[in-house]
Amino acid sequence: MPEDVAFSSFEMDWDRETRTGVAEAVLCGHKSPAQIDAMVAAAQGAGRRLLLTRLSQEGFAALGAGTRALLDYEAGSGTAVLGERLAASPIPGIGIVAAGTSDMPVAMEAARSLTFHGYAAPIIADIGVAGLWRLMRRIEEIRRFDVVIAAAGMEGALFSVLAGLIDAPVVAVPTSVGYGVSFGGNSALHAALASCAPGLVVVNIDNGFGAAAAAIKMLRIGRRR
Amino acid sequence: MPEDVAFSSFEMDWDRETRTGVAEAVLCGHKSPAQIDAMVAAAQGAGRRLLLTRLSQEGFAALGAGTRALLDYEAGSGTAVLGERLAASPIPGIGIVAAGTSDMPVAMEAARSLTFHGYAAPIIADIGVAGLWRLMRRIEEIRRFDVVIAAAGMEGALFSVLAGLIDAPVVAVPTSVGYGVSFGGNSALHAALASCAPGLVVVNIDNGFGAAAAAIKMLRIGRRR
Amino acid sequence: MPEDVAFSSFEMDWDRETRTGVAEAVLCGHKSPAQIDAMVAAAQGAGRRLLLTRLSQEGFAALGAGTRALLDYEAGSGTAVLGERLAASPIPGIGIVAAGTSDMPVAMEAARSLTFHGYAAPIIADIGVAGLWRLMRRIEEIRRFDVVIAAAGMEGALFSVLAGLIDAPVVAVPTSVGYGVSFGGNSALHAALASCAPGLVVVNIDNGFGAAAAAIKMLRIGRRR
Amino acid sequence: MPEDVAFSSFEMDWDRETRTGVAEAVLCGHKSPAQIDAMVAAAQGAGRRLLLTRLSQEGFAALGAGTRALLDYEAGSGTAVLGERLAASPIPGIGIVAAGTSDMPVAMEAARSLTFHGYAAPIIADIGVAGLWRLMRRIEEIRRFDVVIAAAGMEGALFSVLAGLIDAPVVAVPTSVGYGVSFGGNSALHAALASCAPGLVVVNIDNGFGAAAAAIKMLRIGRRR
Amino acid sequence: MPEDVAFSSFEMDWDRETRTGVAEAVLCGHKSPAQIDAMVAAAQGAGRRLLLTRLSQEGFAALGAGTRALLDYEAGSGTAVLGERLAASPIPGIGIVAAGTSDMPVAMEAARSLTFHGYAAPIIADIGVAGLWRLMRRIEEIRRFDVVIAAAGMEGALFSVLAGLIDAPVVAVPTSVGYGVSFGGNSALHAALASCAPGLVVVNIDNGFGAAAAAIKMLRIGRRR
Amino acid sequence: MPEDVAFSSFEMDWDRETRTGVAEAVLCGHKSPAQIDAMVAAAQGAGRRLLLTRLSQEGFAALGAGTRALLDYEAGSGTAVLGERLAASPIPGIGIVAAGTSDMPVAMEAARSLTFHGYAAPIIADIGVAGLWRLMRRIEEIRRFDVVIAAAGMEGALFSVLAGLIDAPVVAVPTSVGYGVSFGGNSALHAALASCAPGLVVVNIDNGFGAAAAAIKMLRIGRRR
Amino acid sequence: MPEDVAFSSFEMDWDRETRTGVAEAVLCGHKSPAQIDAMVAAAQGAGRRLLLTRLSQEGFAALGAGTRALLDYEAGSGTAVLGERLAASPIPGIGIVAAGTSDMPVAMEAARSLTFHGYAAPIIADIGVAGLWRLMRRIEEIRRFDVVIAAAGMEGALFSVLAGLIDAPVVAVPTSVGYGVSFGGNSALHAALASCAPGLVVVNIDNGFGAAAAAIKMLRIGRRR
Amino acid sequence: MPEDVAFSSFEMDWDRETRTGVAEAVLCGHKSPAQIDAMVAAAQGAGRRLLLTRLSQEGFAALGAGTRALLDYEAGSGTAVLGERLAASPIPGIGIVAAGTSDMPVAMEAARSLTFHGYAAPIIADIGVAGLWRLMRRIEEIRRFDVVIAAAGMEGALFSVLAGLIDAPVVAVPTSVGYGVSFGGNSALHAALASCAPGLVVVNIDNGFGAAAAAIKMLRIGRRR
């Protein structure tokens, strides 16, 4: 069984964007360089744009030179994009808030996922609740968004405070920031899920892409109706 | 320190519906009958409608007779409503699906929460993926909703399958249905969060009220714009 | 081996208050009625005051009639006191805040433990962060305390917000209030421990007595110096 | 106590294939290079074929040159084989399905284990349920197998959907693919065990060899009868 | 939303036996008496046989008198059967072993599930490995089965010992027997999954029905070929 | 399959005492009254003495009247003995210490298990380390034992302190005493296992019988040599 | 979205020391070198002193040369200080004890945090309870402190013993020292929280800075009054 | 606070061997090279023998050249010894069994700890229960030991089988061998603790030193009497 079995063993779900409103993205974490090279080549061959997530700097460096030349890679968020930026002006309505500087990579994964799909992605950073004035100073700005993505780690107290202050849906993205009983983001996750603020919804730890996908789906509701 | 300290120790957040789009509800699970009696009396005195959740049959029976007479209690979902039903015709757009019969109490908590706020709440039940034809037979009907609340326990496979088939946002409510490694709903919760279907969002185990609150907030986006 | 082996098998640490500043209390949860009866009798015989905690209504009812007659039992907090109230005016400086109505039993265990030792124990209740105005309205009042005990369950976001707003030490008591991923108070516990607000200290879930003991020790520092 | 104590400290269970239908394999994960060298030499000396699993590229490189020359090593699956391929045509009946590209290493461990024992091992890849059409398009092909090995990570929804569609036994191999609440494969494992589809059986996370062994034992039933 | 919503909210998957080889069973644990009554009535009306599992004595007593009269209820295993016993002589080949007396309810759930489908279900009991002679004395008898279901709790050592001694597939059913670190069957579950004996397959804790379903599917392989 | 299958489904390991030095005991927790009745009858019929553990007061009351008349039941420890007390004077050398009054039931299970086998079982109670003087006052007495069984719950600090003070082997029995992060005895268990005091050995939570069995085996070493 | 988004995305809470008594510190664990460089530059530009924690030797080496030149870095504790040492003589009253040599890095993080704020920070090391004489020999010295910070890992028995011997508040810092069931410090954490010694308070695992912050807040009580 | 604070911050418990029968060992896992160098120098200066455990090859290489020259280091077990081997002939009575080759490092840590204290330490390896004949073939040899140390990972079934076959005390050392649900040795640990074989005692995962210490204490009982 030669190595190339792995290379031919994928089937892109190109139709997913039509079916669900969000394109399939390549989650690179557990894929070999050869698998990723093959997927990028397939997309390139099919004339498709492609978003890659969870691609570390080491992972990017291990890709083939041809693949690397095709990709717009951004190290902070671990994302790469194949294909042109969308020409149309970005669709507004979604805002991203990040509790602390350490949460920026996840916030940026969300932002890159939004811009890939043609949405604006402003980030309001460093508004953690230990210094509540930082959040309160910008709350009116946050209230103007139709959907808010919030990234926070450690104890995740930002989620409840924020969701209690605004009427837009809040998509909580717990981050793996912290140590000890932060448990790799699980305490922030549990804080978001157990929140006393109704209407908060949650995605997996560090899942900036998933939060963006959810926000896009929510914003599209208005256009369906 | 007399018992009545507890009775006077609450402060209703009547303004929450204006501020966040969803009214405060009374989560009854850890409250004493006297505390609940006092809250209902306060709402009645203030001329407010009130939703109570997680009120077991034993808990309802332990309330004062006067309180019980004021409430529209529904045992299956453990919910009670103080005040008139809303006169306006229910706002359509939100659908509820339940994987199995055992998930109905949670689905009904969501439905009761929606109707309390004036929204229609149709339930499509028993479409678990072990018999996929049951889901596929009704998928077109489900696709017409703007937001879908999905309740499922055990392994929660319904969440991923459903979210891969429709473009509306899906709010997953894991239920505590199952035994052994279902871990009181945690396996369904993890399945929803780790789903390979992007855009799925999640609330706490058995939190039908939270799912309804999230769906309402999403549906209101269209009206904001 | 007769039953009465258990009755004679304890040794009260009467000296503990002198040695550590806080008296030994009887934690009733795992003790048989006969064991508790014997301990109360021993304290009565020695002319000692005694605090009992985690004594449920069923547990109190199962005690001997003579024991019950000696005790000042308060059901909401599950505490009982043997002996006279302290005559001196209560020592001020410690305040208790409770996030929600459901956290009152724990707040009251702390309060009863404080008054047993001769300290004032004002409770400020229902100031959870989902309605932040409730906390902000009373923050100046809270700032006047030298030590603040905070009881909160569910996601425990109150701990971080509070500790970021005041300069007195905050003793967090996570409560077992909540369901699903609240995990019987563990999520609130982790939120307190992982808090981004420095200087927050934490005791065991539902441990109102421990929080009171810690607050007393802190307040005594001033007198040592 | 010299290092060579470890080298002589094994006793191959050569009789296991006769006794249980499946040969003993060398699980390399926790063994030192010297231990593995010694085992391969022992098998070579005894004229035995040998299968090695969980042998990383670093692990293989650390083996003695003589050992490496004897082994047919395949990096993707981390497996190595000592001895000739079986001459007979492979026994058909067992099929392998993999939810995504990232699950291929585990699927290939199963495939290599099957071919070592003389069984055919076709792999049907990338049929995860987020794009259900990929599974449905190949379901008739899958239905022709007598036993199906299914490898899936993340939320493991494939297991339930598949087991509800076919009548052959399904052996679920959860994979450690995913992040956050995937918990290194445990969420997929729990999904398989808590599945609402009866008759699904499960092996340890990433245990492609174990799945192959189980499938072989099942296929042999027909020959016993 | 009246109570009867729940009663009409199910859809039996009558076709499942044809599709997968094993009939749908009603898992009663989380269902209300009214829901179970309705399901039994539906099966009776459709002329179908029906197996109910996890039906406690209290649960059975709460059913309607009409329902109870229709059911063959067996308290030890918590199972009930609607409809005639199958006339044909039971199909041999599957054996059940139980480590200890406390594992009998699970072994009997497996046995009742097998006989419902027309299979013989001999039980060999009390062969736990702490007294290995008990297992060894009966090993030849066990070796004659084509598939063996093994029920064991506590540390589940029986699974590995048994699977190392016979060549038939072993389906491990961990039971929730034990205390302390038995963790409600999870330690036995982990022992089965982490076993050093290849080819062992596992179902959920206490899932006697699932083990029977798996064994039936395995035995049917021979007939397919 | 009639109920009586369960009754005949056990096989006592009468030979265990000869083989391992400790007799088989009946762990009653998961057994039905009929199963226990049958086992006692079998022992009585065979002229054997028998120890039963984890038999609650409710469980004892549910036994047949004939069984109850045969047993010497002790409620505090949940143990029962069939047959005469051993005539010989108890063998000295094993001591039991209990950290607090709440640990007495486990200490007494150990004591009853020792006396059943003919060993003396003195208990030194209420020596928890929060009042270290209680332990230090009796340390010389404890040092005279050849083996010490220590029962403690909550944080289990007694184990390390004790094992650092004496040279006899210490068998730690963590108890399920405590609440919150005591986790039903798991924190005491982990404290015993992670102890910095070498030579401490541990048995399952609340397993007084197991501790006694271990102590007996240790004491017998001297007689073997 | 260029990399520099991350650099400008922080907002220092310079006011925190005034508001809460303890200055904001930079937790370096999850921050990029560029983020830390920017924060140090901002503090330097604003004429502020700054404390950095959890800065590994690799992390320090990756900072810009200009940043490194500004910092007083101490590798053992992973802390760095920007700005002059405080001229005033250190404020006495707080003592630090460490159970073992391996706990020194955490003890030193606490010490560095204290000295940064102008407090004395004596460390009493290697007084673990397995050799109780080491603690007892220095207990009088420890009793003279107004607040005691205790760092211990493994089973954390020191916390309970110490808190039972002195009347000053004890701030427990569990450390991640140990292996196996030490669970990265969680067993020591649970031991501290479940302690039978009242008044013990706890901070996150390895959180020496948090312990120092808490101790400072406690010591300041005296000055408030 | 200079680095050398750490170096002087230890206090050897030289008296421990006299007090408890087992000498203090240096657990190297969390100690810096400088700390270990200092401890070895202190022991050398005091004319003491010293045992070091959990010292990896990287850790040994990082020690000072002078330290390395003093130590007898054995890489497989990660142990080092300072000082002469004991001249007296080793004391017999303790045997070590290891389930598989991968368990040898832990078995060898036990063996090195025994020989350091002057005891013989024969190892019987590779007798895992998946091939039961390997154990049975050597059981008579094992029965001759007075105390048996058993090292096993994965599912740990060896512990129960062994303890049911012999009358000597068995000290179970779970090892971190395995993957997936082996959970770093926790499943083997739970198997040992939940064992149905009475009298089995357990130490921490991979704690070969602790097992040796326990065995030595047991063997010394005979000499006390």
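Residue numbering begins at 1 within each chain, and the chains themselves are lettered A, B, C, D, E, F, G and H in the order written.
As a convention for this text, a contact is a pair of C-beta atoms (placed from the backbone, for glycine too) under 8 Å apart; a residue touches a chain by one contact, two chains touch by 3 or more.
In this text, all values refer to a predicted model and were calculated from it rather than measured experimentally.
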item	value
Per Cα centroids, the chain farthest from chain B	H
Separation of mean Cα positions, chain F and chain E [Å, integer]	34
Averaged-CA centre spacing for the pair chain H and chain A, given as whole angstrom	48
Euclidean distance of C-alpha centroids - chain E vs chain G, Å	55
Residues of chain F whose C-beta touches two or more other chains	16, 100, 130-131, 163-165, 176, 178, 180-181, 189, 193-194, 197-198, 204-205
All pairs of touching chains, each written as two labels joined by a dash	A-B, A-C, A-D, A-G, B-C, B-D, B-E, C-F, C-G, D-E, D-H, E-F, E-H, F-G, F-H, G-H
In the complex, chain H residues that touch chain E	99-100, 128-132, 154-157, 159-161, 163-165, 178, 180-183, 187-198
Contact footprint of chain B on chain A as seen in their complex	16, 19-22, 25, 93, 146-147, 163-169, 171, 189, 193-194, 197-205, 209-210, 213-214, 216-222, 224-225
Of all residues in chain B, those that touch chain E in their complex	74-77, 98, 100-102, 104-105, 108, 111-112, 115, 121, 123, 125-127, 130-131, 133-134, 153, 176-182
Chain D residues within the chain H interface of the complex	1, 3, 5-6, 9-11, 13, 15-16, 24, 27, 29-32, 35, 39, 54, 176, 184-186, 189, 204-207
